[in-house]
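Shared between the two complexes below is chain A, which pairs with chain B and chain C, respectively.
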Partner chain A sequence: MKKEKLLEVEQLNIKFTTSIGDVNVSDNINFTLNKGETFCIVGESGCGKSVVALSLTRLLPENAVINGSVKFEGFTISDLDDKEFAKIRGQKIATIFEQPMSCINPVMRIGEQIAETYRANFKCSKKEAKLQALKKLEEVKLPANRYNAYPHELSGGMQQRVMIAIALACNPQLLIADEPTTSLDVTVQYQILELLQELKEKYHMTILMITHDMGVVHDMADRIGVMYAGNMMEIAERDAFFKQPLHPYAQELLNVVKDPCHYTIPGTVPNLMEIFSGCPFEPRCQKATEMCKTYKPENSVRDERMVRCLNVIPN
Partner chain B sequence: MSYLIEAKHLSKVFKDKESTVFKKKEIIAVDDVSLTINRGESVGIVGESGCGKSMLGKMLVGLTLPTKGSVNYDGNEISKLPYSEIKKLRPRLQPIFQDADSTLNPKFTVKKLIEEPFVINDISKSDANQRIDELLSYVNLGKELYGRYPHEISGGQRQRLGLARALSLKPDFIVADEPAASLDSSVQAQILQLLNQMKSNHGLGLVYVSHNLRIVSMMTEKVNVMYLGSFVETGDTQDVFDNPVHPYTKMLIGSVLTIDGDKRKLGKTKVFGEPPDPKNRATGCAFHPRCDCCTQICKEERPILKKVGDKNRFVACHNM
Partner chain C sequence: MGNNLKTGLVLIFVLAAIVFAGPLIAPYDPFEVDMSVRLQGISLAHIMGTDQLGRDLFSRLIYATGTSVKISLVVVAASMTIGFIFGSVAAFLGGAVDEFLMRIIDVFMAFPTKIFTIAIAGVLGASAFNITLALIFTSWASYARMVRGCVLTAKQLPFIDASVALGANRRYTIVKHVLPSVFQPLSTFAFQRIAHTMMMIVGLSFIGLGVQPPTPELGAMINESKNFMTTAPHLFVFPGLLISYVVFSFNILDDSLRDYWDPRIKSELVL
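Coming up: the complex of A and B.
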C-alpha cells in the first residue's frame, strides 16, 4: 500500500541574520510526513529541531531567512502570502508548545479561549462556539465546570490539556507538538501522551513531535528523524531505528540514553555560527576519517531510510 | 557502626498564606520522615513535583531547619546547634542544585567563583590555588575558562562548576538535587559519571533527589519513594524497581518511558490523577484518591511503614 503524503519538506535552509553574523540552523533538510503517522524529530538542545517546526507555520522572528519548499497535501504552501497562509495556520496545521502558560492568555477564561479559536476560523454564533468549546474540553478530559476557570487555577498538566483543546479546536490535519511534556511529571506526561495518541486515532491526525526524550520517541513515533547541528542526520522507521541506528551520532546517542553511567559523547555541541567545511559531527565522532573533515556528507537514501554520513550507506 | 547522617522523624510545616488569626492553616511539606545514610552509600529520593523531596534534601544538609525531628551528623545534632557551629559544619555537608546558574553570582568570574569557598573558610591562597587547579581538571574544565562569566559558559560547564564548588572543601556528604535534570542526555551522562566517580574516590555519602526514576535506578543503592511529604516505600533500589509493592511505586515506575525492549509502554499501566496539592491533603492514605485498589480503611486510617519480606523493604499501604 502506498502511503499518502501530507507534508513534504524539500531543501529547507534556515538561517538567522544577527549583528554578529549568520547562524545556520537548518542545512538542506528534507523530510516527508505520511498521513496519519507520528514523526518524531529528536536532538539535543540547540540542534535546530524547534526552528524547523516553527518554520512550517511561519512563526519565526523576522531575522530568519527561510529557503526551500514546503508542500502540504501536494500544494506548495511556502509560496503563499501571509494572508493566505493564515488560513492554513490553525485550521490545517496547529501547534502546541512546551510552556502552556506562556501561550494561553492569563486574563481570559479557558473556555472562552477555546471558543475564540473556533470563532476566529469559522463564522458561527457565540453560543455554538461555546458548545464546541465544551465538547473539546470533554475530549481532553477536563470537567465542563472548568470552562470558566482562569489558567492560573489549573495545574501544569491541565494547562497542557487546554493548549491541546485550543490546538484541536478546528480539527487540524497536522499537529505540531514542540516538547509537549518536557516540563511535566512522568505520571502526567504519560497521561498527556495517551491523550494525544487517542485524539490522533479519533481524528486521523498526523503528528510532528519535537522532543529530546528518547523514551517518548520510543513510545510515540512511527518514524524518527535525528537532528544534529542543523543537519538531519538520519531518518528511519521506529523499529528499524531502535534495532540498529546507522548514523554514528544516533548510535552514540542511544548508547548514552541506555546507559548514562558508562557512556558519554566526548566534546560539546558545535557553535552554529561557524560554517562547517565537513561533517558537523566530525570532531566528536569516533568513526571519523580524514575525508569527514573536508567533504560535507550528502543524504543517501534507500527505501524509507536516510543517512547523512560519508561512511555509512543504508542497506 | 554509626551512620554518617541519621534523620529521625523529620517534619517541616509552613504557615499558609491564607491563614488568619481565627483559622490556622498549615502546609505540611515533610511529614515524619526517618532515614539513614552510611559513608560511601548513595540513597535516592523519588517522587512527583511538590512531594517534599527537595525540602527533605535541604534539611539533611542543614540549609533549613526542621519543624520537628532531628538530623544527626557524625554525632552532632544539626537542628540544635547554634548558627556559628552550623557554619563550621557547612564545608562537610554540601548541596548541588538543579539550576547551577542561580547558585553562581553572575558578576563573578569562574576563577572567583571557585575561589569563594576557600576565601570564606580562611584557607591560605597557595593551598587554595593548588586545590583549584586540581578540582577544575577533575571536573574537566580548562584553564581558558578562568576569566569567563557564568553566562559565557554552557549549561553543562556551569553544572560541572557547581560540582567543583561543592567538592572544593572535601565534604563527607552531598545532596544532589536534580543535578542533571535540565541537561541534554550526552551532558547528563558526563555529570552522572562524575558524581559516581566522586562517590567512589572520596567515599562520600550521596543523596540523589530526582523525579527521573531511570537515573535513580542506575545511580543509587537504596531508594525512598515519597508521596505528599512521607515515604510510601523504601528499600534496595534493585529490589524496589524489580518488584514494586506500593500502588504508587507501581504507577510511577509504570509511567517511565524507556527505550528498553521493542514494545511500547503507553496504555499498559493505569495512571490517573495529578500530583496532589499539599494544602488539601486527603484523609487516611494520602494516595487513596488516585489508587485503583482503594478500600474503606484507606479513606479512614493512615498507613504506616511496615516491613515486607525478608529484605530491607518497608511499605506504607493497607492492602499489601
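Coming up: the complex of A and C.
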C-alpha cells in the first residue's frame, strides 16, 4: 500500500544568529509525515526538537535563519510569504504546547477562546462559533458547564484539554504537539494521550509529536525520529525501532529507559555553537572510531529506515 | 460584586450628581453677594452658612466641586490618551522609534511635577486653562511609560504565541489579547490619578496659582476662608470635607475595580 505524504521536509537547516556567533540547531534534516500517522521526534533537551517543530509553522524568533523546503500536501509552503502562511496556521497546521496554563489567555473564559479561534479562522456568527466551541468541549470530554470557566479554575489536565480543543477548533490536518504531556502527572498523561489518539482517528489527523518520554513514544508513535544536536540520527517504524535501534544514540536512549535508576548516557549534549567536523555524538559514543572524529556521517536510507552513522548500515 | 465596589459606585454616583446636576440642586446663585447675611452659620435658609460676602456656601460648594472634578477628569483623560498613543506606538514599533520616544518620555519624567506646574502657571498666568495644560504636560509621560511596559509584557506572553500558532493574525492578537491586558492596569492607574490630580488642582488653587476667585473652586475657597478661621470655621471645614470625600470615593472605586477585574480574586468573592 502506498502511503500518501502529508508533509515533506527536505534539507532543513536552521541557525540562530546571535551576538556571539551562530547556533546551528538543525543540520540537513529530512523527514516525511504520511497522512494519518503519528510521528514522534525524540531526543534529549537541547537537541533542537522543538525548534524544528516551531520552524514548520514559522514561530521562531526573528534571528532564526531557515533554509530548506517544506512541502505540505505536495505544495511548497516554505516559499509562501508571511501573510499567506498565516492562513495555514490553525486551519491546516495547529500546535499545542507544553505549558497549557501559560498558553491560554488567563483572563478570557475558555469557551470564548475556543469560539474565538474558530471565528478568527472561519467567518461565522458568534452563535455558530459558540455551538462549535461547545461541540469541541464535548469532544475533549469537558462538561459543557465549563464553557464559562477561567483557565485558573481548571486542573492541568483540563487545561491541556482546553488547549487541544482550541487547536482542533478548525479541524487541522496536522497537529504539532510539543511535549503535550510533560507538565502532567502520569495518569493524566495517559488520559491526554488516549484523547489525542481518539481524536486523531476521528478526524484522520496526522500528529507530529515532540517528546523525550520513550513510554509516550511507544504508546503513540507509528514512526520515530531520533534527534541529537540538530541532526536527525535515525528514522524508523516503531516496531522495528524498539526491536533493534540502529544508531548508537538511539540504543543509549533505550538503555536509559530500561534502567531508569542507574543508567545515564555519559557526557552532555554539546553546545550547538560548535561546528562539528565529525559526528556530533562521537564524544559520547561508545562505538566511536577514529573515523567518526573526522568524517561527518551522511544519511543512509533503506526502505523506511534512515540512519546517520558511519558504522551502521540499515538492513 | 464586593461591598467596597458597591460603596465606591454609590459614592461616585452621588459625586456625579453633584458635578453634573449641581446647578439644578443649588438653591442660590453662587456669585450672588448679599452683605446683609455675611459670615452666617448654619441655618434653614443657608444650610451650610454663608461666606464673607454673604454668598451661599452650599451653592458655592456644589459649583466648586464641579470645577475641581471636571478639571481633573480632563487632565486625566487627556494625559491618558497622549500616554496611550506614545506608549503603545513605542512598544509596538520597537527599535529606534521606541528608543527615541522613551528618551522624550524620560525628559518629561525628569521634571519635578509640582515645581514645573507652578512655573508654567507662573509664566502663563494663573487660570483654570493654564493649570489644565500644565498638569497634562507634566503627567502624560508616566501613562506612556506604563502603557509601554504593559504592552511589552503582554506581547511576550506565551498565549500570544499560542494564538498565532493557531491562526490568529496580528491585529486579532493586539485587539483581543494585548489591549485588554493594558486596559485594566491603565484604568486602575487613571482612577488613582484622578484623586491625585484633584489634590494638585486644589493645592495650586489654594496657593493662588490655579482657578481664580470669584470662580468657586475648593482650594481657592479654603484660601479665602483662612482669614475667618476662628470666627467662621464652617468656611474651611465644609470644602475640606468635600475634598476628602472626592478623593476617598475615587480611591475606593479604584481599589475595588482592580479586584473586580481580576478573575482570580473575583471567584473568591463569589465563594
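As a working rule, the second predicted complex is superposed on the first by the 312 of 315 C-alpha atoms of A that agree within 3 Å, B and C clash if a C-alpha of one lies under 4 Å from a C-alpha of the other, contacts with A are read in each partner's own complex, and residues count from 1 in each chain.
The rule is simple: contacts are C-beta pairs under 8 Å (C-beta built on N, C-alpha and C of every residue); 3 or more make two chains touch, one makes a residue touch a chain.
Small disclaimer: the values here were computed from a predicted structure and weren't measured.
After superposition onto chain A, the modelled positions of chain B and chain C are compatible, with room for both. Contacts of A:57 after superposition on the shared chain: chain C is touched, whereas chain B is not. Of the two partner chains placed around the shared chain by superposition, chain C is the only one that A:153 touches, whereas chain B remains out of contact. Working from the superposition on chain A, the chain A vertex angle toward chain B and chain C, CA centres, sits at 80° in steps of 10. When the shared chain is aligned, chain C comes close enough to touch A:99, but chain B does not. Once the two complexes are overlaid on the shared chain, A:265 sits against chain B while remaining clear of chain C. Of the two partner chains, chain B is the only one touched by A:186; chain C is not. In the superposition on chain A, A:90 contacts chain C only, with no contact to chain B. Of the two partner chains placed around the shared chain by superposition, chain B is the only one that A:219 touches, whereas chain C remains out of contact. Between chain B and chain C, B contacts the larger number of chain A residues. Contacts of A:131 after superposition on the shared chain: neither chain B nor chain C is touched.
When the two structures are aligned on their common chain, the gap between the nearest CA atoms of chain B and chain C comes to 8 Å. Overlap of the chain B and chain C interfaces on chain A: none, as no residue is touched by both. Contacts from chain A toward chain C in the complex involve residues 57, 59, 86-87, 89-91, 94-95, 97, 99, 102-108, 116-117, 120-121, 150, 152-153, 163, 166-167, 169-170. Those residues of chain B whose C-beta lies close enough to touch chain A in the complex are 48-49, 154, 156, 184-190, 192-193, 196, 211, 213-215, 218-219, 251-252, 254-260, 262, 264-267, 269, 271-275. Chain C makes touch with chain A in their complex at residues 157-159, 161-169, 172, 176-177, 180-181, 184, 263-264, 267. Listed in rising order, the residues of chain A touching chain B in the complex are 44-45, 155, 157-158, 185-191, 193-194, 197, 212-220, 239, 242, 252-254, 256-265, 268-269.
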